[in-house]
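In structure tokens below, several structures.
Here chain A shows up in two complexes: once beside chain B, once beside chain C.
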Partner chain A sequence: MLSLYRPGTSLVHRARAGLKLAALAALGTGLFAVARIEVVVAALIGVLAAGLLVARLPAGVLWAQVRPVWLLLTGLFVFHLLLTDPLTGAVAVLRLLTLVLAAAVVTATTRVTALVAVVEWLLRPLEVVGVRPARVGLMVAMTLRFIPVVAERAARIREAQAARGASGMRLGLLVPLLIQVLQLAATLGEALDARGADDVPARRPRRA
Partner chain B sequence: MFRAPREEIAVKTRDLAYVALFAAIVAVLGQIPPVPVPGIPVPITAQTLGVMLAGSVLGARRGGLALLLFLAVVAMGAPLLASGAGGLGVFVGPTAGYLYSWPIAAFVVGWLTERFWRRYNLAWALVANLVGGIAVIYAIGIPFTSLYADIPLSASAIGSLAFIPGDVVKAVAASVVAVAVRRAYPVIELPSRRATAG
Partner chain C sequence: MRWGRRGATAAAAPPLPRTAVELRDVTHAYGERTVLAGVSLTLTEARIGVIGANGSGKSTFARLLNGLVVPTAGTVLVDGLDTRTQVREVRRRVGFVFQDPDAQIVHPTVAEDVAFGLTNQGVPADEIARRVDEVLVQYGLDGHRDHPAHLLSGGQKQLLAIAGVLVMEPQRVVFDEPTTLLDLGNTRRVARVVDGLEQDVVVVTHHLDLLAAFDRVLVFEDGRVAADGTPAETVPWYVARCG
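Moving on, here comes the complex of A and B:
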């Protein structure tokens, strides 16, 4: 399972991806601009309501995103308790918790394709300096497609090395893996060229 | 009409594939279980090894783009970070600065590697990886956490000390691998115009 998206039909699910990302950015900026405990708590309640009640996400989905930063947040609060005051600590910790939860809600309710579309839209102004937004979707797709391929190659090399008695050599695994993947990339590049994946702008005559 | 500099636009299709596949390598490295090393308080995850390797093998531009692409894929909800985390949450968390530093770090490693390319050996590889892969990451990550979590710079720095021994081990590993890959399958090509530079 390679996506954190949870399908659904709620209002949060149906909201436009760009809108959700803009709201997340606004929340991030806003909570730092207004460092007041009542504002932060209100935002936290709002985010939880949007995620659990409106989008009907299982609590586990949100917890999975909070878990990696949980210890850090606790440590942060203890730090503030000892060196500053509890209120500053509560604002700092709850603010981060709110943002992580809000991001988890956006991630769980937005399709990858919708996020790719937003990234392409955001990159559109960069077209004048030579960035081609349509490539982004292609490259995201290639990366996702080749993660299992790379993992499978790594496993195969490890087996081959184990068969020759070289167990536990992680560094010895990396060199053949990298070379194989680089060769694969060269082949893939040729295949893309053959299918004209990239040739419209590249072959545009540029003699001005 | 706007005229863009020609060579900068002409990213070859093969480069797209290098970038995309290296992003996949960084993802796979993150799935390797953390290795506990005796004497080092924090288990070593292989993900920043990917940051160093991207710069060392692909060079500045492609290496930086590979990490940018990797972060984009993570942001879109793929749980590819070493902790099994992903989505937008990690980009607003207290240690997000370290993530943001990865493309820059890969770029700096690659930039230095390109400077050293003609006399590249283990020693120069180590310089590139220690500066780009460790110094740059901490120089961005530590102040970010300090500002973001509202703690003094010193506290943020002390909190990250535990990771330094593991990062040094990774820099050595990345350098050994990068030298071997350069011998077998060099990807970085210096333009012939700059033949005397370096």
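Moving on, here comes the complex of A and C:
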């Protein structure tokens, strides 16, 4: 999600973000409603086709999203082998694999602003109780933006501590990181002011 | 490399309106600590440099110019607009580039971040797309359009931060130590960008050699303007003060 977007002009890229998210939700619901191996395999093939053939995403982009859950999926299959049966295990694993890949296809073909716009659209009914969807959308975008920034600062602090002989100081990381994050937040607040965040219109203009 | 007057590229375009910033007996304090005391200035020059030791009040002065900080006493006027009461209009005229671009880039990808300020202003989507494209090409970021901002180099991040401000077409841009975190190559790159701007600029910096072609340099010391003149007059004076 943080750096997954791959620019392109395919049908999948051009599809509306809301439609893609709705399809993802429908796929998730459908896969858990129907526990038949042929349905799950068909869904997996469909997702792979959408990602690799239609959206023309490199296989490595999809694999990068599967790799972190590979052990979990293996463990889940072993669990089922021991407690249920191989077919149930295969359905459970392929179901999750299909969803991970589908989510990867959606995020790789959809700009963050488009996803944020969907969040804002979904929140629009809450305007009557004072929620400002544009503000919530901005928070979502900024969360995605600052996760790697904070991670980078944590890595720098860790290096600085290691350079001075500290090792394994997980708690010792928290205080300097918190101070840096607060300083970052203060400057960020100024930057938001300077860039007119106060002027956020009730509805963001749609992309052409 | 020197930051000088408006570059050759500005010659073909219609000139931007000039801005006049006036500080009338401005004092600013953070709690008990007074960081600026009784500063009165009128800024009309196209290229103004601000130098001084750490803690001398330079950054607070810079922040006063577009209403990020309002004076504890006194008044700051931008083209007659009071930064205390007409801050939105002031910020449309005066852009601000921070020292740390990571604190200024708010969207995960390059083009989305450049579009941020325009979106806030309610600019139509077609116009946003056109202006973002122009600015990305202008600052050599068009190849990074959908690139995650956190993967850019330090110099590219600073250029992105500058692009995000310039796309809003301010009349004056305030830079708060824009090259402090950069290596020599990126410092020169950012300096060339500043040099080519048609906007009026105020640059707070410790890189004194970059100010040689400026119209005016202010030297801050203990919250006051200790020297005010051409670079040839003020920079040697400041260097001598530093010992």
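Simple rule for what comes next: the second predicted complex is superposed on the first by the 138 of 208 C-alpha atoms of A that agree within 3 Å, B and C clash if a C-alpha of one lies under 4 Å from a C-alpha of the other, contacts with A are read in each partner's own complex, and residues count from 1 in each chain.
The rule we apply is simple: a contact is a pair of C-beta atoms (placed from the backbone, for glycine too) under 8 Å apart; a residue touches a chain by one contact, two chains touch by 3 or more.
The shown structure was predicted, so the numbers you read here are calculated from the model rather than taken from an experiment.
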| item | value |
| --- | --- |
| Partner chain(s) touched by A:Met142 [first = chain B, second = chain C, both, neither] | both |
| Chain B versus chain C as contact partner of A:Leu99, first or second or both or neither | first |
| Partner chain(s) touched by A:Leu24 [first = chain B, second = chain C, both, neither] | first |
| Which of chain B and chain C A:Ala163 touches, first, second, both or neither | neither |
| Chain A: partner with more touched residues, chain B or chain C | B |
| First (chain B), second (chain C), both or neither touched by A:Pro7 | second |
| First, second, both or neither for A:Ala154, with chain B first and chain C second | first |
| Partner chain(s) touched by A:Glu190 [first = chain B, second = chain C, both, neither] | both |
| First (chain B), second (chain C), both or neither touched by A:Val112 | both |
| Common interface positions of chain A, toward chain B and toward chain C | 2-3, 5, 112, 138, 142, 144, 149, 184, 188, 190, 192-193, 197-198, 201, 206, 208 |
| Complex contact set, residues of chain C against chain A | 63, 66-68, 88, 91-92, 95-96, 98, 100, 102-109, 112-113, 115-117, 119-126, 128-129, 145-146, 148-151, 164-165, 168 |
| Contact footprint of chain B on chain A as seen in their complex | 2-5, 21, 24, 28, 65-66, 68-69, 72-73, 76, 79-80, 88, 91-92, 96, 99-104, 106-108, 110, 112, 115-116, 119, 128-130, 135-136, 138-140, 142-144, 146-147, 149-151, 154, 170-171, 174-175, 177-179, 181-186, 188-190, 192-193, 197-198, 201-202, 206, 208 |
| Interfacial residue positions of chain A with respect to chain C in the complex | 2-3, 5-7, 111-113, 138, 141-142, 144-145, 148-149, 152, 184, 187-188, 190-201, 204-208 |
| Residue ranges of chain B in contact with chain A within the complex | 1-6, 8-10, 12-25, 27-28, 31-32, 35, 53, 57, 69-70, 72-73, 75-80, 83-95, 148-151, 155, 173, 176-177, 180-181, 184-185, 187 |
